[in-house]
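Inspection log for the structure reproduced underneath, given as C-alpha cells.
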C-alpha cells in the first residue's frame, strides 16, 4: 500500500519547501545541489526526502519522496512513476534512525568547506566561547565547546551512512556533520529549529574563517 | 496600574519594528538573536524592550514589553500574560539611566566581533581619521578619536549592566559598546539617529578589518 | 534571404535573455560588458549572438543578431539596420564550430580573474577533488581533475578565436575557457546546462581563492 | 531672478535621483553621506547639486539645489527657503569648470578607501592592463595605464576645490578623484556614462584589493 500524505505532514512539507527556496537564493544549492527531508509525524518509520536533481529555485512540496528509514525502501507508487529520491538519501535516513531530528538540511555552503579545512585531518571541528552557541538547542552558556564530526567525501553513500553513526552519537548538543570538500548536514526537532541551527553554524563558520584571515 | 501606550510611543514602536525587520535581512540577528528598545516619550522612567526569543523577520510593534528603567520591574499586566522581555534587558535599562539615548539597538554583526579582536585585551577600541566619523552626533571633523568601550562576554547580565556604566560615561561622543564574542549595543536620541550610528559603526569596522587584511 | 526566427529559437532567446538580466544583477556584466549566444535549433550553421554595447539590465530577446558560424557573416537585414553583434562574436562562433555547445555565456566575474592569477603563466588552471564537480555534464565522481584552458587577453579577437580551438579540444569534460584580466566563456548543451556550469565554476573559483587566502 | 527648471533638466534630475536610490541600496551612502550633481543643459553656468543631509533612500528630484558654478552662488529663492546644498558643493563646481562632465557622483564606497591605501603617499593611483578599462570613455584597449589623482582628506573644501584642478587636468582619460579616508568623485558626460564609470572603478578597485590579499 502506498503512502498517503497527512494534513500535518503536508503543512511541514510546504514549510520546508519554502525554506529550500530561500536557502537557494542564499547560495546553499549551487547547480541543483543540496537535499532536504522531514520525518513523518503520522506514518511510523517514514521520512519524506527531496527528489534527485531538482533546480532548488523551483522546489515545492511535491518534490518529496516517501522512504522508510528502517527498511530504506522508497514508496512503491513513487518508484513506479520513475521518481527517485536524492543520491544521498541514506545519510538522512541514518540521522532519523539515531537522533530525535524531525528535519534534516544538506547545504553546500562554501563556509562549511573552508571551516573544515581549518581543522586538517582532525575527526572533529571545534567551536567554543561565542554567545551565539546559546541558539543551539540545550545550550545555556557561551562557555561551552561543541564538537562537529567531519568525514572524508566519498561516492559510497551507503557505507558512509553507517560510518557516521557512532560519531554523531558520541557528540552531545551537536546538530551537524561535515563532509569535507562537499558540504554540511544540519538537523533539528522542527523545520524552525533546523533553520535556527543552520544560521548558527553559518555565523560561527564565518567568524572562525575571518578570524583566521585577520591573523589575530 | 498597567502601562497604556501613547500614540507618540506607538508611532516610534512601529518605526523601530520596521528597522528591526530590515536589520534582520542584513544579518544583524542570526537565529532570533538581537534585542531592541525605546525610551517612552510620555511615561516617566519607562522603556519598551523587545520580547525574548522572537524571530526578527516577524517582529512587530506588539513585541515590545514595558519595563521601568529605575525599578527594573516589568509591567504587571504583561507579566501576568506570561510575557518576558529580552534576557539582556538590564543593559538597555542602564543605558537609559546614564545617557540621553531614546533608542538602543543590539546587533550580533560579525564585523563587531572581528573588529574587537583587533584590539586584544584593551578596554577600548579606537577609530579615528575617517570622514564618516562626522556622521556621529556632535562630531565636526574627521580629525577625531572615538573610544568604544569593550567588555568580556558573561551570562551575568545584571552585574554587567553595572560594570558598563563608568566606561560609557568616560567616553564622550561615543554611542556604542562591544561585548566580545557576542555583539554591539548602539544608541541615539531617536530611531533615525541610532540607525545612522549603526551604519557608521558597521562601515568603520569593515574598514579597519579589511585594512588589517590588506596589510597596508 | 534574411533569417526568420523559429518559434523554437524564439523560446530559447527569451530564456537566455532572462538569464542575462539575472546574471547582470549578480555582477557578471559591469558597465555593459559580457556577451551571450545560442546555436539555432532550426537554421543550419546559424548562431544568435548578443548585440554590442547593450546595458544588460535592459537585455531582451530582441538584442540577438543572427550570424553564420561557418562563414562568420552577419545576417544582411540586421547589417542594413546598422546593428552589430558583440566585438567578441568570433569566440562564440569558434565554440559552436568545435563543440556540441548550444549556449555560450561570457561573464566578467572577478572570481575568474583572481582564480586565473593563482596559476600564473600556466596554460591550464586545474580544479579537482570537490563534490560539486559532479554537476559538470559527464562527471560522475569528485575524484576527477578538470583542466581549464587560459589565454592572455588581446584585442585581436579573430586571431584568438583560432588559438583557442586546440586547447578546447584537448580537454575533455571542460566547459569553460579563461581570458586573463578579462573574463570567462562558459558553455553547455542548453541554457539550463550552461547556467549550471556557470554556477559550478563560480563556486569552485570562490573555494580556491578563499582557501589560498586562509593559507591552509 | 530665480532658477526655473527646464523640462530637459527635470528629466535628468529624475534619472539621477533614481540612480542615487539604487547606489544607496548598494552601500555607497552610509549614514546620509554622499552627494550628487548635474550640469544644467539649458541654463548657462548652472549646476543642480544635492541638498545637504538627506537620507539617500528618500532622495528625489526635489532634493537638488541650483548653484552657479562660476560665481559659486546658490539660487536666492532656495537660499531664502533655508535650503543648503551639500557641504562639498565646491568640489562639484570645480569639476564643471574644468572638464566636460555633465554629471558628478560622490560615493563613500569602502573599496575606494582601501584601494587608495595600496598606494600609500603617492599622488596618483594606477590601474592598467584590464579589459574593463575599455568601458571608460575614449579607451580602446586594455593595454593602457589610467592615473587617478589622490588627495589627503580635509574640512577646508573651498581650498581643496582649487587644489584638485591641475591634477584633474594633467590626467587624460580619467573620470575620478579619490579623497583618502573619505571617498571618490566620479564623472561622465551623462548620468549613464557616470554610472558606467562608477561600475568600472568599483570593479577595478575590487580586483586590485583582492589580488593584493591573494599575494599573487
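Per-chain residue numbering starts at 1, and chain names A, B, C and D are given in the order in which the chains are listed.
Here is the rule we go by: a residue touches a chain if its C-beta (ideal position, glycine included) is under 8 Å from a C-beta of that chain, and two chains touch if they have at least 3 such contacts.
In this text, all values refer to a predicted model and were calculated from it rather than measured experimentally.
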Contact distance in steps, from subunit A to subunit D: 2
Same or different residue numbers at the subunit A/subunit C copy interface, by half rule: different
Far-end chain from subunit A, centres as C-alpha averages: D
Where subunit B and subunit D are represented by their mean Cα positions, the distance between them in whole Å: 34
Euclidean distance of C-alpha centroids - subunit B vs subunit C, Å: 48
Contacts with 2+ other chains: residues of subunit A: 213
Which chain pairs touch, all of them: A-B, A-C, B-D, C-D
Complex contacts: residues of subunit A adjacent to subunit C: 30-33, 55, 108, 110, 113-114, 117-118, 120, 153, 155, 179, 181-183, 209, 212-213
Parts of subunit D lying in touch with subunit C, wherever the complex brings them together: 129-132, 135, 140-143, 192, 196-197, 199-200, 202-203, 206-207, 210-211, 213-216
